[in-house]
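Letters A, B, C and D name the chains as they come in the text, with residue numbers starting at 1 for each one.
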Amino acid sequence: MKARVTVTLKSGVLDPQGKAIEGALKSLGIGGIVSVRQGKVFEIELEDAARGDAEAMMKSAAEKLLANTVIENYRIEVSG
Amino acid sequence: MKSAVLVFPGINRERDMARALRLMSGREPAMVWHAETALPAGTDLVVIPGGFSYGDYLRCGAIAARAPIMSAVCAFAQQGGLVLAVCNGFQIACEAGLLPGVLMRNAQLRFICRDVYLRIDRSDTPFTRGYNAGQVIRVPVAHGEGNYIADGETIARLEGEGRVVFRYSSPDGIVEPNWNHNGAMNAIAGIINERGNVLGMMPHPENHVEALMGCTDGRGLFAGLVDHFKIAA
Amino acid sequence: MTNVISNEPAITPELIAEHGLKPDEYERLRKLIGREPNFTELGIFSAMWNEHCSYKSSKIHLRGLPTKAPWVIQGPGENAGVIDIGDGLAVVFKMESHNHPSYIEPYQGAATGVGGILRDVFTMGARPIACLNALSFGDPQHPKTRHLVSGVVAGIGGYGNSFGVPTVGGEVRFHRRYDGNCLVNAMAVGIAEKDKIFYAKATGVGMPIVYLGSKTGRDGIHGASMASAEFGADADEKRPTVQVGDPFSEKLLLEACLEIMAKGCVIAIQDMGAAGLTCSAVEMGAKGDLGVTLDLDKVPCREAGMSAYEMMLSESQERMLMVLKPEKEVEAEAIFRKWGLDFAVIGETTPSRRFKVRHGNALMADLPIKELGDEAPVYDRPHVQAPLRPVIDAASIEPPIPIAGTLEQLIGSPDLCSRRWVWEQYDHVILGNTVQRPGCDAAVVRLNEGPKALALTSDVTPRYCEADPCEGGKQAVAEAWRNLTAVGARPLALTDNLNFGNPERPEIMGQLVGCIRGIGEACRALDFPVVSGNVSLYNETNGRAILPTPTIGGVGLIDDFTRSMTLAFKAENESILLVGKTRGWLGQTLYLREVCGREDGAPPPVDLAAERRHGDFVRGLIHDGLATAVHDVSDGGLLVALAEMAMASGIGAVLQGAANRIPAHAFWFGEDQGRFIVSARRSDIAAIERAAGSAGIPIARLGATGGAVLAIDGERPLPIEILKRRFEAWLPDYMSAVT
Amino acid sequence: MKARVTVTLKSGVLDPQGKAIEGALKSLGIGGIVSVRQGKVFEIELEDAARGDAEAMMKSAAEKLLANTVIENYRIEVSG
């Protein structure tokens, strides 16, 4: 079983890295960019378990560690 | 002053910190392994030193903040115990909820090691009583993620309650973007918690305590703490 | 051989060639083992017999280098060199290249280069206290250069900063001859107790061989990568051979290794560097005259289904191999577990002098262990010396612009501008012992609580080496020696990193031979032995080689760190003196290259006896407290050196015009060797000149410190602030420019 | 228009970060985890353009800047 946890900055939180990348893309001549925000994605291989269990487990992983919920949101997808 | 220096895997400025504490307090600090669940009895000061705990992987300080010893540190702080959190320690303290806000990538996305100037905004804390308010000190920074960021409300509270203790400034104490090497909001280099017993700061006062090594601007912080406990005793 | 593994590729001439073995080398191999090797064995031989491990092209020439002195504890041949610095302490150091990997993937290539050299040092029981790095990049205008600079610098910082060692010095240069081949040479320095040094030599039969550190993956299985991909599962995704560094694990490995060493668990230890398990296991056995048997089923692996071939050739980082005292197994394992690292007994020493590798019940290799190393081919490759270049008469060079403008141009040029943008990305203050930070002649690092300190530098001037390899080799050593001297240190020993093109070309071989000869001569004359080093050949693309670049990493000792000398002027109204003779040598200077657009002529000759006299004299002045600032004169010549002293202090100088009969541009920008600028209180001048006179040392007055400008008689005065701005601007401007 | 570029390490490339997170999750008592690999995700706001153009632009952004194609793979999704 596989899970993917995507962690992104909450809107309103400054993202210096995203901003720098935005600038770099623009100066590389890649046009049409309004804004860039950078997040993280965790691809997690799980022992087989009921999907509900897996989701609960991933939620706890995200809350306890993977995301800093003060500034970040997370999204969980479980598959397979 | 009995101090305890926390040691997480990947921490690397614990020796620098221990040397400063030894030189300034005349007492060897206890080195406390992250897997411990209690602080040594009679600890006056807990220090979370700099380094790359867990390689700075995931988010700086995130993994260390969840180590067993941190529950004891949070309880210690709750009871009013003094906690000094420097650099990676500051990041750990924020992740552990001891201090508000977060330290993001430096604005120019590069690690920076250089001497910076800090204006001391408050001298009435146990950590800064060795300095005068408005005084400027020179201490090194060495970090890639020291860009202090918090939401507008938090910043307003920090400023309103006078909890910004150190700011990056010019040598004569002027706060302006040129001297704010990492882009921190309001040039914040160090803050204290509401109760005033937890200090987080990015720069390294522990690297500027020996006259023979050229600069002693970091001594005030340690001397102030030693004084604080002397008077308390 | 009992078992034959069916899915291994057959040994064909193509496969042999892909493994970098020449037909005659393969013949030699076959004779040695008396049969055809299998695939795994072929891989093992190719690793042991490649240039990197066997030094087959350079070995006979390296023998000419002096490696001994009363203070040398261990010369070349171990993981790093070791010297005695008194008080029961030893310094362990070495330099190593990671050129090719850094060109492919600059961040990880440079990072793992730093990781590798740190491991070399702590394998010997030393705690690393400083790193240096010598970097050569292509033309700044080349489309790849910026990307390489940014990645390499970030990678060196990324690894060293996290590991927790200060990076205190190095060099950076740019030249179009490095366009397709950048150079990344990393040096690490550690300190140990003199009687607690650990070596690679195994002793005792039946001793457990232990695998330590991180797990093994398919990293860096090169050369042979194509061959192994043929029967790999993931054929669609071409397997990257890039190694990724994990400084976090390395830091844990350091602490765990030092802990088991202190607990007396270790008989022999060797890091897994190039050709990982193969090289480390063979070397430990061969050095101890013992056989080794490995059981690959026990090797901690990161990926499933790794073959013997892959495990033997993997270059996964942060791994060590150790021969353990059997009675200490439980204790040692507990230490490694505490640090969260792998610990596995994967073999044992045997009396047979055979190197045997088992995997899945099959014997995958059975080879004579001594011959693997000792019988590697050694070549006396043909070499020719390039014709010497004519000496350029300074009077024949028409200066295109006046002196003041020339200084402004030079100080803001790629090779002379400030390296701050680079070294600010390195934590150079951690450990709290950095007495002199980057930006000086040599870094100074206090040892423990002092008073002793080490001086560290890295130097070479490749354009001199190209024009005259022997003089260039001498000059590299002399400059390192001079830089150590300038901070008041007694130079003790050096490590070298010889970077050259393809040794199968006689003119490249000629460069290598010439440089080594020059290095050897200088080492002998200066009592400055070589205790470790590294050779990196084949640095060329499409038949175009790099400039010959024999990087010298020098180590010196200072008895009292509070008395180390710096290059900044200290006060106004002091005298400025020049020690050494100025002829106005313009051949191969930066003046000629940057201002006149010419890269020709003979390089400045090095008079080793004079070099030594002048250096000893200057060190004496520092020791006697007579010098207030000292700076050696090198790239860019006299005026550049003076400007550096002024910029470091903010104090200007009033300078007399050029000396008699020397054209001004040659006087100010010539690169005559063996020179130092010394500032001194006026009251001490007479004594200094007297001492110089009686020692036969040429000494001249240049002027006096003071003011906020560099004012040369008859020239436009140059404000220090403006010079400084130009000096600091080039690198950051270049790196932030958009292409 | 929005694009999302997900950058992940090629298989076989060491992911020290993932390894450390894996260890941390385990020691937080989150069971059933076989392995963790970490990647990056870039959420890019684009000026409206033909979808094909946007995809081509994002490909060039990924190749030139967002991914280190020596060790990383990338995946592009354009929407909206």
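Everything below uses one rule, namely that a residue touches a chain if its C-beta (ideal position, glycine included) is under 8 Å from a C-beta of that chain, and two chains touch if they have at least 3 such contacts.
Because the structure is a prediction, the values reported are computed rather than measured.
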item: Chain pair showing more contacts of the two, A-B and B-C; value: B-C
item: Gap in Å, rounded to a whole number, between the CA centres of chain D and chain A; value: 9
item: Chain centre separation (chain A, chain B; CA means) in Å; value: 29
item: Intercentroid distance (Cα basis), chain C paired with chain A, Å; value: 41
item: Approximate Å spacing (C-alpha centroids) for the pair chain B, chain C; value: 36
item: Per-residue overlap in chain A, given as positions that touch at least 2 other chains; value: 28, 64-66
item: Multi-partner residues of chain C (each touching 2 or more other chains); value: 246, 248-249, 340
item: Contacts with 2+ other chains: residues of chain B; value: 54-55, 57-58, 63, 66
item: Every chain pair in contact, whichever chains are involved; value: A-B, A-D, B-C, B-D, C-D
item: Chain A residues touching chain B - in the complex, by the definition given at the top; value: 12-17, 20, 64-66, 68, 70-71
item: Contact set on chain C toward chain D in their complex; value: 104-105, 107-108, 214, 217-219, 234, 237, 239-240, 242-246, 248-249, 302-303, 316-317, 340
item: Complex contacts: residues of chain C adjacent to chain B; value: 154, 157-158, 161-164, 246-249, 251-252, 339-340, 423-433, 435, 446, 450, 561-562
item: Of chain B, residues touching chain C in the complex; value: 9-10, 12-13, 15-16, 19-20, 51-52, 54-57, 110-114, 140, 142, 144, 204, 206-207, 210, 212-214
item: Touching residues (chain side chain D, partner chain A) in the complex; value: 6, 8, 18, 21, 24-25, 28, 30-47, 49, 54, 57, 60-61, 64-66
